[in-house]
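Dumping the structure here so I can ask a few things about it.
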């Protein structure tokens, strides 16, 4: 992702200025003049980027990173490759959150549409193609673009700079911010796209909000159900692949990547940074835990909850989810156990 | 259900025109001039209706149908009664979806309120009874009717031709389309009634949307919680019986029929075509799988998930749901099993 | 809680007038002239208050109550302390609901913002501090107060008399009624605060709505996710403690008290009158049953469902939830059982 888009990035800064601003420390051997111009995760960073490492579990990413500088705890300094400037802090996650605020000050001042003083609901700078229907009470923000043949239903909100393709339907009272939407996409009533992901630097003193500067990218022919929620990415984008159909009241967390032509049934939950392949089916009220990968064509039964990676084509059920056959055997075995315990009692 | 209401039905068509339009085939023996004027499921169809059969599992409905014509795979032709004109296609479900678009072209062009050019939020053709309160920012669509004593709260959307009875409360930012609402009904903030059901002709090339031309019918004295969702029916109606109370974040799928005086607690899910009797109680986060029937007065415990029909008065718990006593025995038996395994380890 | 605030309380009434209005009966020995000026639960009531007792399970609260009068069934009369005037009825819960309507008539006529005749979206009596941004389509009700630096995003609804502190963000199409919101609070798109709790006097003839006259109180630095719902209290308040972070599609029932710095992950459900301590973590799709208390720092795993009180610092998983170690042993034991049953079959 190229960050700029929804949040304006400030000027480059020296490592020393960052250190001062986030209340960190520079080792005496380090060069504070190195210039940093953006922020990335360890595996996405290059030499002008600041990154962060919260502990030894990220040692592999740390060793391989191309970041110019990295926020790190003193005790983890030995894991750091020589080419990266270490910035020492007890709270790398929190310091990184502060650095986002430094580089992207507008990420700290949330807005949906960018206000207009005159009471008009459609901003004069919005580009509205021919043959667009904007129903009563719908709001279209500054610099938004709406493609030909699209309908923005009553009470819907299309945020600042949001792009909506052709022949889309943004349902009543739905809201879309920080998002790029393909063609022939339907968002049903009350769907929520682009709000902040759920990210905090957690601590015993309280939880520090991590600004979320990614976007939501929705492919062509996607349908998203009523009151479903899709959070925007943290540093990268949340993506919904073309042709994917999402039912009502589904949650999709930040950085999740949903493949093409998936079917996600009502009240399912996809946690942050999950990756679903193509043609994955998730049944009603099922869930996938964060960072899990689900292969192409896998089937997650209704109410199943997936904690580990799932192979392509696998069929999983139960909590925690296991292959169908195994799950069925366990359900049957428990049933026999219950029956036997009754007989033992009588 | 009489379809016309929310979607205008086009003129009758000959079987031959349908065949051509959906890219199907007519057997040489068949009469292409038979006239079709509407679309129905096999068991609801009469002689001027087109229906569809996706495979042998619907053989019983097929044998009994009164449809005038039916979309069917070549391999299933032998199951078809002589009186029905077979229309041969590899994809009956998808072809039926295309036929809906033929008969109901407006079902392909979603709209919530029918647009007004002049920025007014209440359409001049809406019939608003005396003593109705319409709060700021609320939208009332073309030809909607609002009964005496009803309040439409701020930001709520009442769609095109929607009927709302007397002494109702449509909460802030709720939306109602394609629905008929009785008297003394409360829809809490953000409730969503009447959006498309989740219906697709699924295929390895992608999923083809099935237009949904049914409605939502809500009886008197019903209450529907904040951000709950009730999809409109596919060919028939989704119905909520009088006096039923539905909590927040509940999902009710298309064609579901919920009886009178039911209690549906928060985050429960009722899949498509489920039938609940009267005085059914569903606990929080419980679910019922599609096409299941639940008898009068049955109790589904919180978090239970029902996969098979439930008898009147039954009390069910667990996943998959089973009678309370059985479920309790199994939970106890597993608990003993766990305890014994610990003792074996120590 | 001091009730008056969102609902105007009427004049004091004699016990005799209440008896007549709710269709109850006074014992011949009782003094009908005792004056009642408000309504409370048994344990919150003092001598000028009316309370109610639905049966012997509340005997302890009944014995200790300081209520002036109490609705009670004839069969439970012997449990009543002498100092309380008994009001005899077959349906104490329903009669209490009727009494709420007597004292708080406006609780029977729901409204979100209090209507304005002139089409303006921000009521002229609302107090809007300096440096407040009100985006297009947002509605601010009568006598609401919005603190400095706060943004009300497009399509959001801030209800009648709602107080919103400084530097808050009320997201697009969110709604807040009957609530007091602290400083630096974020409500994401479509969040619903302050609607009626799910309370009915249930009976075989149907369910009688209990008016909900409490509020929602939200502490400083709270974040509430997209399309989450927080019901207002029944007689007391629903409270979210400072620094608590709530993800998307979470349900929080009436009278729930959530402590400080809790983390409630997506699609979790907190039933009515639950009490969470400080720094509690609830995983995705987990749930806590009504009236349960969860101690400080407890961890409820994703998908776990808590039915009994949880000690401070405990780690619970499974349905019904049990300590982590126990839960893991049971999962492992069932897995072995399933595996053995397969070997037995082959």
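Per-chain residue numbering starts at 1, and chain names A, B and C are given in the order in which the chains are listed.
Keep this in mind: a residue touches a chain if its C-beta (ideal position, glycine included) is under 8 Å from a C-beta of that chain, and two chains touch if they have at least 3 such contacts.
Since the model is a prediction, treat every value here as computed from it, not as a measurement.
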{"item": "Angular offset of chain A relative to chain B [C-alpha, multiple of 5 degrees]", "value": "120"}
{"item": "Numbering shared by both copies at the chain C-chain B contact, with half separating same from different", "value": "different"}
{"item": "Centroid spacing, where centroids are CA-atom means, of chain B and chain C in whole angstrom", "value": "31"}
{"item": "Residue numbers of chain B (touch at least two other chains)", "value": "121, 137, 155, 173, 190, 227, 249, 267, 285, 319, 334, 337"}
{"item": "Sites on chain A touched by chain B in the complex", "value": "121, 133-137, 151, 153-155, 169, 171-173, 186, 188-190, 221, 223, 225-227, 243, 245, 247-249, 261, 263, 265-267, 279, 284-285, 302-303, 319, 331, 334-335, 337-342"}
{"item": "Touching residues on chain B, where the partner in the complex is chain A", "value": "109-116, 119-121, 123, 137-139, 141, 155-157, 159, 173-175, 177, 190, 192, 195-196, 198, 200, 202, 204, 206-207, 209, 227-229, 231, 249, 251, 253, 267, 269, 271, 285, 287, 289, 305, 319-320, 322, 326, 329-330, 332-334, 336-337"}
